[in-house]
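Written below as structure tokens is the structure these notes are about.
Just so it is clear, A, B, C, D, E and F label the chains in written order, and each chain counts residues from 1 on its own.
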Amino acid sequence: MMFDLSPPLLAIYIPLIGALLIALTGRWPNLREALTLGTAGTLLYTVASIVPRVLAPNFWAVYAKAPPLRLVEVVPGVFLELKVEPLGMVFALIAASLWILNSLYSIGYMRGNAEKHQTRFYVCFALAIASVMGLAFAGNLFTLFVFYEMLTLTTYPLVAHKGTAEALRSARTYLGILVGTSVCFLLAGIIATYVYTGDMAFKPGGVFTRALASGSLTAPVLGTLFILYMYGIGKAALMPMHRWLPAAMVAPTPVSALLHAVAVVKAGVFSVVKVIVYTFGPLTLISAGQGSWLIFMAGATILIASFIALFQDNLKRRLAYSTISQLSYVIIAAALLSPLSLMAATLHIAAHAFGKITLFFAAGSIYTASHKTEVSQLDGIGRRMPFTMGAFTIGALSMIGLPPTAGFISKWYLLSAAWETEYVFVIVVVILSTLLNAGYFLPIIYRAFFRAPPPPGREHHGDHGAFEEDPEHPLDHPTATDGVFGDEADHSEAHSHVHGKLHVPGAHGEAPWPMVVALCCTAAVTVAFFFYSDLAIDLATQLRKGLLP
Amino acid sequence: MLDLRQVPDLLQGPGWQAHLPVLIVTIPLIFGVLTIATGKGWKPWAWATAVTGTVFYLALQLIQRVLASPTGMVSYELGNWPRQWGIEYRVDALNAFILLIVAGVGFVTTVYAKHSVEKEIPADRHNFFYAVWLLALCGLLGITVTGDTFNVYVLLEISSLTVYALIAMGKDRHRGALTASLRYLILGSVGASFILLGIGYLMMITGTLNMQDMHERLMSVPGILESRTVLVAFALLLVGLSMKMALFPLHMWLPRAYTYAPSAVSALLAATATKVGVYMAFRFMFTIFGVGFSFITMPTTLILASCATAGILVTGVTAIRQTNLKRLLAYSSVGQIGYIVLGFSLANVNGVAGSVAHILNHALMKGGMFMALGAIVYRLDRCDIRSVRGLGRKMPLTMAAFTVGGLGLVGFPLTAGFISKWYLVQGCLDRPHMWPLAGVVLLGSLLAVVYTWRVVEAAYFQEPDDDRPVKEAPLLMLIPMWVMIGASVFFGINATFTGKISVTAAKALLGVGP
Amino acid sequence: MQVTEIVTTVFLALGCIISVTGAYGLLRMPDFYTRLHTAGKTDSLGQLLIFIGLVFVTPDLLTQLKLVMVALILMIAAPTATHAITKAAHLHDLRPWTKGDPGGEP
Amino acid sequence: MTDVLGIYNYWIYVILMMIGLYGVIAKPNLIKQAIALGLFQTGIFLYYISMAVVDGGTAPIWTTIDDGAQKFQGPYDNPLPHVLILTAIVVGVSILAVALALIVNIKRSYGTIEADEIERMDHEDRLIEFRAGQAPDAADDAEAHHHA
Amino acid sequence: MTAVVLIDTLLLLLVTVTAVAIIEVRNLYASAMLTSVYSLLLALVWVNMHAMDVAFTEAAVGGGISTILLIGTLVHTAREEKPLKQRVHWRALLLTALCGVALIYGTFDMPRFGDPKAPIHHFRVPEMMAQTVGFANSTAGKQPPPAGFDPAEYRSFNGAVASVPVDPTDTGWRENSVLAQHGIMLPKVLGDEVHAAHPAEADHHQHPADDFNGHVPNSVTSLLAAYRGYDTMFETTVIFTAGMSLIMLLRRPRREGYLQRSAPLADQPVLRVVAKMSIPFILLFGLYVITHGELGPGGGFQGGVVVACAFILFALIFGRPALYRVLPPPVCDLLTGLGVLMYAGTGAACLLLGGNFLDYAQLNSLSPGDGEALGMTLVEYGVGLTVSMVMVTIFNQLAEEQAK
Amino acid sequence: MSWVYLATAVALLVGMFMILIRAIAGPTVYDRILATNALGTKTIVFVTLLGYVSGRTEFIDMAIIYALVSFITTIAILKFAEKGRLD
């Protein structure tokens, strides 16, 4: 059993083996990074090979009969088991494909910024991807929980990567909130589910029907369980549990990309959708009359987060709040509980992934090339970094939901679902938030392309820790005259070493080429998704089919 | 008279396995005493290792025998006196399991002890040290197999007395070891006296010392359970046992004792001593008084659960504030005892099974973590949070062991700690109106995250104060450490064995059928 | 009552009186040396009388022998101890009480 | 009266135990504590021995065996508690010995055997240990701010 | 009021007064001496309650060894307690009062002092101690139970109703030919229960009356060394452990040598002569006590302490170096272990001879009862050896520590 | 006859009580030693008498042990008082 080579299992093994190899080849950076890319490619191939099976017309019939892939019996009666279904497939595909691009980008970023502990970074990254694969293919709640926690653990070193007091504090917040919510609420919910139903497998329609029918479980208890799950999945960043996301901004940009686009937050909303669909079952929730609070909670999160984003000067922080609001789109869609809205949720997971990763790549490129972290410093930067800022524009459009980008498709489905279910509140929220999105993204684009760059002497530099500064104290920002030349010189040396030319403040061009390539690719995919979204829509349709009796 | 010609037949015959229960206790006794004649250097250690290894082997044999036996238990009458007259050994699934834990941990810790003892204890008393060490094991093992209440008391005193001496051997490193030992001695003796008195009350009212007989007598004579004597006996035993297993408000002896004891002793104690105390509580509450009296007539659930809850939370917060890592782990141990007690105070199958499983899991994790600290002390001569900074690169294997053990304490899935929490939370939810206790269990995990993570952070993400090169711990420390930690991970991934045996033991204790 | 028993009773009564008197003296005498005086004498004599009294009513020889032995041990040990105590007190300059001293404490 | 005398011994045992317990808790002198611990235990011994008594009983030792008949009429006391207490006394003296050894060691290391003084010294030890081991997180933070 | 109760009442008053004095006296030296007095009084209490062996032990241990140990400790520490700020520790008083009230609460349902109907005299012990316990009648042959004894009542106490239905025609006594020879009758229910529980038992243990072929009239010893011999083995181990602990904690490193300054009392002729006279006698008496343990009060432990007293007296009078010449510490250590090994080895020998651990009957295949007696003698010597050597070790270690 | 023994025993108890007061009160160390020693002697007599009260003469063995032990204890106490050490 342990060495079964069926594709879902292989999808977990490949990054694990990759991590091992990367750890072993840490001394030879080129080999190490080649291995990273190779592993990522292999993984994508493996994951893609599963797709046809999921798209097969008789998929649900097979799903109902096929036994799960059981790895090990952890506690008597509780297995670590895998099972493929469309939602997980979407998630796995996104993660696998973005890993390649992210690796490419990481190579540029890590070398460009001469970061320490690069091997640890790549190893943890691969381990995080392995956890994501496990999460995507989880066959029951227990497995979901196991990989959820593994993901938290493996991303922790990435968040704390820099090892400064600031980074450690943020990483503590990250770990504290994620572990706290998952252990206190999610685990309690899972065990309660097990106690009430004796069953933790994911089934279309949920597992509670029998318990509800027999009366051993009442609707209010079901509602309580639902609350436990929704707040237990802290990675979905539903409003009071969102603090970790801005805190985690301290991490290097590829990590932010991983957190926001590839793995962590996606794992959160993915789990939310999965739990709603396969553990509770939309019909059960509707008939028990539970869960509608989630719509309002998510709606509030969307608006509040967008509003906060308006006032963030730090670029990554602004993106982080944008992520929080975008995640709640997925949650609100799932909470609508209609088949169409669940499709919207699935599509938005994908659409947001591509858009957001583009934005983060762009932010990272700007930092690498110019060490700028604040929105207010970006005047005229579009002229020096046309590719980067071009891609940024595409990502921003996708966030706002304008065609021809991926964001439009998912927003369209969401609005249709809201229309269908006649939730005016949702429609209002979507429209308002679109305006707010526009409100905080468009000024950046405006500054980048239509404002003149400042004269070189007034250039505003951040150093290592600058973008972590508290937003409340913008005046504390160091300026070039603040006596940090020592630091600056170090950086210059490092850069000159990498770039082969002297880094002159204010005279930067594009970031290193791997980064540019990566971010162009993601931007391209964001656009392509608008035109060629068949695969995603097919998978979402497959998911929807499973819900219909 | 002695006919030596019979001896070979006996050793070869299949019958020797019948003597397993007594061999497990007497082998460390006899060979422990012989240790004082083994001389100097590595010899006492090798001797002790061989003895503990044998005991571990015998414990394995015994558990197989117990599980294979149709009655689910093995009985042995000392001196061939029927149990009413003499002393009886009675081993069921629970005993055998605890016995295996104690014997296994004892073996591994003995292997580990070599370097640590060489460094921390003057060379001219190694033979005495290992003699007392083996006698401590003998006492702990004896408590676990015996079916006679007074025998429990005597063996308890052996284990206590040896442990006092072992703790005091930390005096050369820090004088606090002496006060720790004396404080433990006084509290421990008071606790043991309460136990002795409780046994006396029970004997007076039932006229027997055998656990099984006592139980039958308490069940069969009408009115006996309502008598004030039995009530006070129960209270006395409860207080005495709580002291011995360091349940929260009576845990005062533990943190200092674990902090200042020699590293190897800390590891042994953390993994076995309090666990055996818990085992005694099982025996007295379930086997002698019976579930009905202990948990329905008496408000035991309320008392124990509140003590456990307070213990988990208060010691968790206290542990967070510690800088000395040994003290940190010691406070954590008190909290973990809280989990174990919380489990069996629920008196349902899942709760008790969680309790039994946590005895093993905690023994493995805490033992492994104390071993890691011992290795750090061995290399750095200190083990505060400042000294481990940057140690993740200098002593990668040691720190990794510590980290994995810490994850277990937190109860991350796929570590052993998770399994016990799984059962415990189920137990809390199974019992009506007890669900807030599930919250306590989970909240305790969060506190564990905090105190574990302070160390992990310091080890991996902070820069050391100086660039002194530090070598990785010697192999004889690493292997036992990783055996413990590895076992905890193994039992976290595949808890079928522990799960099954805990549930069997829990069902037997609760008398709800096999 | 037989003759032996009467004899025993007389001996016991005598021993008793002497012992209690000695004890009273030990309690009431003003200083260490005077107390020593009462205690040392009465102890030996009182116990001797009681043991002699008991010998008469004891039927078997072994027990009689044991009684004599105990008496002998006491006859050796008690004076030895008293001697040693006195010597120690003397060495440590414990001053005897004389008439006119209030309490007799050094 | 009979009733009171019937449990008189049990009350005295409680009183002895409590005198011992009071000494253990209230007296700061370690030797006093050790002695008080002994008193505490003897209370229990008294309890055990009291329960062995049978009205009109005598010591549980046969005196004459050879002629097949026993010399003493009437019942014997119960020997079982005697046996148990023999063991307990031995345990008690062992504990006393170890306690005294520890006290001698404590006197050597601390220079006193008064618990409150030792407690104070221990507290100081711990403070020193705490400061030495404190992870200077706070200091780091301050430093970081300064650099920024 | 019987003589026992009268003397008991008075003695216990004395004991209590002494206990209070021990705690409240500020001079530790006085405290130590009062401890010795306390032990002597307590020993009297035991004697009065017919616990001969316990009294023996208490006298030897409490009156002798403990006091010497305490004084040995006082040498190195302090003679006076520090003056207390507060005479009475109110919290402790409250706590102990509460605890005491709880314990006294428990005593109300206890069988009365000396009550022959108490369960402990009836449930298991009568069979275990077929020789001697409880209502053992003195004359041979079947005897009716004592006057005023209601067979139904003995199974209960304080009004609790017996669980076993009582047949009105049944006197509640079981006739057992072997036991009846000793004039012993057992409560019927209990006896049958035992037989039912061990149908297959066919060895000599079935009939406790001839367990020892009459070699062991002291039933305390038979319980101690045979029935509960296993406990006693661990008791010996406890003592051994104490000795090892003292060595670990107090023994100086060998390089400093064993022999240091000492202050013999040999300059005092009276003491010297008395000691020289009495030491051989004490040793002999110690051996007598060990050997005689099966017949009368005494046994390995008491005898061991007496032997140790001889060595300690020797050291007191002639100085510790002289003792070290007689009994070098390494020899002493080894002998300590040897005692435990004698005990455990006897048990193991029984095991090797085909019986259970400590089944002394195996030691003599022809006469199990004689085997039992032999085994008991062996283990008693083991106990005596360990105890005496450990006591000497403890004394040595406490004395070895240099005075300030 | 046994009432005679009993009366003697009670009288001895009274004596012991007085000695005990001296042992507690002191005031010098030597007074205490003296009282302890005297108590020891009384105890020995008392034990012997108890044997006669209950008709069991084995108690005399106990008296011998008492005598020996109290003698040794007295020596030890004295030695400590005189030399300040035990060996």
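Basically, a residue touches a chain if its C-beta (ideal position, glycine included) is under 8 Å from a C-beta of that chain, and two chains touch if they have at least 3 such contacts.
Keep in mind it's a predicted model, so treat the numbers as computed, not measured.
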{"item": "Chain labels contacting subunit B and also subunit E", "value": "D"}
{"item": "Longest centre-to-centre distance from subunit E, chain (CA-based)", "value": "A"}
{"item": "Selected pair, greater C-beta contact count between A-B and C-F", "value": "C-F"}
{"item": "Euclidean distance of C-alpha centroids - subunit D vs subunit E, Å", "value": "17"}
{"item": "Rounded Å distance between subunit A and subunit D, as computed from the means of their C-alpha atoms", "value": "63"}
{"item": "Whole-Å gap separating subunit A and subunit F, where each centre is the average of the chain's CA atoms", "value": "88"}
{"item": "Intercentroid distance (Cα basis), subunit F paired with subunit D, Å", "value": "25"}
{"item": "Multi-chain contact residues (two or more partners), subunit B", "value": "150, 154, 157, 161, 164-165, 168, 171, 197, 203-204, 462"}
{"item": "Residues of subunit F touching at least two other chains", "value": "16, 33, 35, 54, 56, 58, 61, 64, 68, 70-71, 75, 82"}
{"item": "Subunit E contact footprint on subunit C (complex, rising order)", "value": "73, 76-77, 80, 83-84, 87"}
{"item": "Interfacial residue positions of subunit F with respect to subunit D in the complex", "value": "54-56, 58"}
{"item": "Residue ranges of subunit F in contact with subunit C within the complex", "value": "1, 4-5, 7-8, 11-12, 14-16, 18-19, 21-22, 27-28, 30-31, 33-35, 37-38, 41-42, 44-45, 48-49, 52, 57, 60-61, 63-64, 67-68, 70-71, 74-75, 78, 81-82"}
{"item": "Subunit D-facing residues of subunit B, complex", "value": "150, 153-154, 157, 161, 164-165, 168, 171, 174-176, 178-179, 181-182, 185-186, 189-190, 193, 196-197, 200, 203-204, 209, 323-324, 382, 384-387, 389, 454, 458, 462"}
{"item": "Footprint of subunit F on subunit E - complex, ascending", "value": "3-4, 6-7, 10-11, 14, 17-18, 21, 25, 27, 29-30, 32-34, 36-37, 40-41, 43-44, 47-48, 50, 52, 55-56, 59-60, 63-64, 67-68, 71-72, 74-75, 262-263, 265, 271, 278, 282, 285, 289, 292, 296-298, 302, 306, 309, 312-313, 315-317, 319-320, 395-396, 398-400, 403"}
